[in-house]
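Letters are used for the chains, namely A, B, C and D, taken in the order the chains are written, and counting of residues starts over at 1 for each.
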Amino acid sequence: MKKHYMNGYDAVSEIADGSTLMVGGFGLVGIPEQMILGLVESGAKNLTIISNNCGVDDWGLGLLLKNHQIKKMIGSYVGENKEFERQVLSGELEVELIPQGTLAERIRAGGAGIPAFYTPAGVGTKVAEGKETRVFHGKEYVLEHALYADYSLIRACLADEAGNLIYNKTARNFNPMIAAAGKITLAEVENIVATGNLNADQIHTPGIYVQGLLEAKQEKRIERKTIRNG
Amino acid sequence: MKKHYMNGYDAVSEIADGSTLMVGGFGLVGIPEQMILGLVESGAKNLTIISNNCGVDDWGLGLLLKNHQIKKMIGSYVGENKEFERQVLSGELEVELIPQGTLAERIRAGGAGIPAFYTPAGVGTKVAEGKETRVFHGKEYVLEHALYADYSLIRACLADEAGNLIYNKTARNFNPMIAAAGKITLAEVENIVATGNLNADQIHTPGIYVQGLLEAKQEKRIERKTIRNG
Amino acid sequence: MRQTKSNVRERIARRAEQEIKSGYYVNLGIGIPTLIANYISEDKEIVLQSENGLLGIGEYPEENEVDPDLINAGKETVTEIQGASYFDSAESFGMIRGGHVDLAILGGMEVSEEGDLANWMIPGKMIKGMGGAMDLVHGAKKITVIMDHVNKDGAPKIVKNCSLPLTGKSVVNRIITDRAVLDVTDNGLVVQEIASGYTLDDIRNSTEPVIHVSSTVQYDAY
Amino acid sequence: MRQTKSNVRERIARRAEQEIKSGYYVNLGIGIPTLIANYISEDKEIVLQSENGLLGIGEYPEENEVDPDLINAGKETVTEIQGASYFDSAESFGMIRGGHVDLAILGGMEVSEEGDLANWMIPGKMIKGMGGAMDLVHGAKKITVIMDHVNKDGAPKIVKNCSLPLTGKSVVNRIITDRAVLDVTDNGLVVQEIASGYTLDDIRNSTEPVIHVSSTVQYDAY
């Protein structure tokens, strides 16, 4: 039995100023919508956010940005909104950009007890500047370190009371690795079912990684609706 | 559409003497039974086998051992059979023992394009002798390298024609990582269904890792049958 | 014939489609490369990989098929083909980095004669991030870059050394432009095909580095 | 009272069970530690991890429940509890190495006063391999070793320095034997409990390193 939260604010209200948070999602897909709204409500400040993207002007992590709650953003593709650009240029917001695969692997490493690994991405570019590189099998690789978080906020489709999670389609993205890399992992899910109702072969995130559950309806805003015969 | 093989011999007949093979399974669970029998038939020699265990006297990789087809065994727990011991003591068989988690991670690294990583397992023991170690966050880690194979022989429960695989219970074990780490990956499965009949959210091994399929009935021998009221 | 912008894009996309062989697993970059999917011959069996965790991108959905949880790496709503699979981002980039994707077709701002690629940032402009491009250029078995042969000012985009920040060093195998197809080889750039409407001299004059000509070069190729 | 071998095992297992708190994820090593599962109090909610890819080991199966594809790390047929999940070996050891398992209870041949553990090989005897033990000792949040206090010849198994090849250096947090419970601390070994039938002197005489006594030491503890 994992702890249940009443709403987004309830889930995140203990997150202190200055915390490092990992937040699941790719674009607006698979983001913990209500927990992000809860953070807006709690007003936690000086947050370091590790997430692939930073939302849009009026949704997702963009809301925290607008509210000046983010001190540093670590991601692979940001700047989908004007406010992001403004805060970076004015020096209010620190940004660290990481190749997407390196970001995924660094988060995975954090959850899996691997402190560092070598990867080819970024070799010979700004990304590898000042970092150790090494040649294996005649090719150059750069040493990258694990990422960790005080809290991981993720979203899944289904959970059982034991905290086992199942994701829907491309809403899986960074969520499983982020689940494992947080000291405390809170999962926002569309439905919680009784333990025993999920097939053990089909669990994407085992309950061992999850400390709390929030059942909440999702808006699931679409960034770029593209239609076949549109 | 992946290539289909008629039987175990058909699947492995092109494997040349001196090849490096990864073979899925933990104990006798999740091993590609018919492809191992096919190798006995083909007689391929001087094989380097990377697999968690080495079968038992009369089943699994133990059959290749008995037939003197293995030059070197890389695994984490071997010696479940007398013949293994005899060949090691007589110098016929080379053995490299690796902590099980390091073995799993080195195979995963091979498939995922990570040439090397740091891990705590084995630090301060024989396993780390002669290897580079480094301190991260005050703890010592040892550098371990990716493993690769010419052929990966794995077993799954279900496949579709596109090579997507689903495993059953603890028969999953090393199979997914081994699937990704082989130049050529051949999957022995209990049933092949038409493409479109598997749920895309439930695939354990995406078809991109699989080059050939063999549908075959499995004996599934049990090493230690333990019964509640036995 | 004066080419419109959409003519040019279609010409490049149709030529790029020929790079894709039946049985290939392919990653098409965000933007123009994505358009290539519209031109893939129906008799080819192709699986498109999306780095956000989908193998088997289908067509854009009908209005009633739209699933907000199903997008491509460009964040467009898509569908899945039969035989598709979903996975997390670490698996997706393991798949890319591990050399399992046969071909990636990416856009480019500049390509050097040694195959360096710059396609992710312009100094002074807002940095958006490299997304998955830096992983893709080191992972896929073959990297093809598609772009206009020259920039808006008519200056070459194929250069001796990239002036923009690099996405990857020595990573490009083939360049397909509206004017030519060039391979990056150990002996420098080799022209394989010249598009209709252009001469070898046109290509030489609009390409900064020295180019070599393949013994099997095709004129009026596309 | 003279202890039979099975008496001794049961005593150790019952005491070790007290280490397991409700809500814990626990890995029980192969062999004697596996027996602890039989003594886990029913009012505790415990999830047992098996490094071959199962979270939620259940009881041994009834004859008609046996699934050859469902075993524990000791290769015994088992069942799954409600809420179980299966995963691959890389995920399983990521779970272990990443510090997500609350407690691992392992068998031991020797433990040193600094918490070094030797439990995987005896020189001169056939090497079977370390299996997952070297990963477990660095991963679980707490490592408890259970073993007889002395070997067959009556010699201490808790030693100043291990003579056998190590499984891990400075990894053991607590030792539970048939005679005592000892913690490995920065100030050396500290006796926390003494089993009935033994005195503090008995423990001192059968333990090679100097031992300290906790201010809250319990006698006749189990």
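Throughout what follows, contacts are C-beta pairs under 8 Å (C-beta built on N, C-alpha and C of every residue); 3 or more make two chains touch, one makes a residue touch a chain.
Bear in mind that the values here come from a model prediction, so they are computed numbers and not experimental data.
Asks: So which chain is farthest from chain D, going by the mean of the CA atoms in each chain?
Replies: Here the answer is chain C, farthest from chain D.
Asks: For chain A and chain C, let me know how many angstrom lie between their CA-based centres, rounded off.
Replies: Those two chain centres are 29 Å apart.
Asks: Suppose each chain is reduced to the average of its Cα coordinates; what separation in Å results between chain A and chain B?
Replies: 33
Asks: Hey, how far is the Cα centre of chain C from the one of chain D, in Å?
Replies: Those two chain centres are 56 Å apart.
Asks: Would you give the residues of chain C that are in contact with at least 2 other chains, written as numbers and ranges?
Replies: Correct list: 80, 86-87, 90, 93-94, 96-97, 138-139.
Asks: Give me the residues of chain B that touch two or more other chains.
Replies: 105, 108, 112-114, 119-120, 167-169, 172, 200-201
Asks: What topology does the chain touch graph have (line, ring, star, complete, other)?
Replies: Its topology fits none of the listed shapes; call it other.
Asks: Once the touch criterion is applied, which pairs of chains come out as touching?
Replies: The list of touching pairs comes to A-B, A-C, A-D, B-C, B-D.
Asks: If we count contacts the way the header does, which residues on chain A are in touch with chain D in the complex?
Replies: Interface residues on the chain A side: 1, 108, 110-114, 160-162, 164, 180, 195-196, 198, 200-201, 203, 206-209.
Asks: Using the touch rule from the top, collect the residues of chain B that touch chain D in their complex.
Replies: For chain B paired with chain D, touching residues are 26-30, 52, 75-80, 85, 88-89, 95, 97, 99-105, 107-108, 119-127, 157, 167-177, 204, 220-230.
Asks: Inside the complex, what are the residues of chain B that reach chain A?
Replies: Spelled out, the residues of chain B in touch with chain A are 105, 109, 112-120, 134, 136-137, 139, 141, 145, 166-169, 172, 200-202.
Asks: Could you list, by residue number, the parts of chain C that touch chain B in their complex?
Replies: Counting only chain C, the residues touching chain B are 25, 45, 47, 49, 55-56, 80, 82-87, 90-91, 93-101, 138-139.
Asks: Per the contact definition, I'd like the list of chain D residues that touch chain B in the complex.
Replies: Residue list for chain D touching chain B: 50-54, 59-63, 66-71, 74-78, 80, 86-90, 92-94, 96-97, 116, 126-135, 138-139, 165-170.
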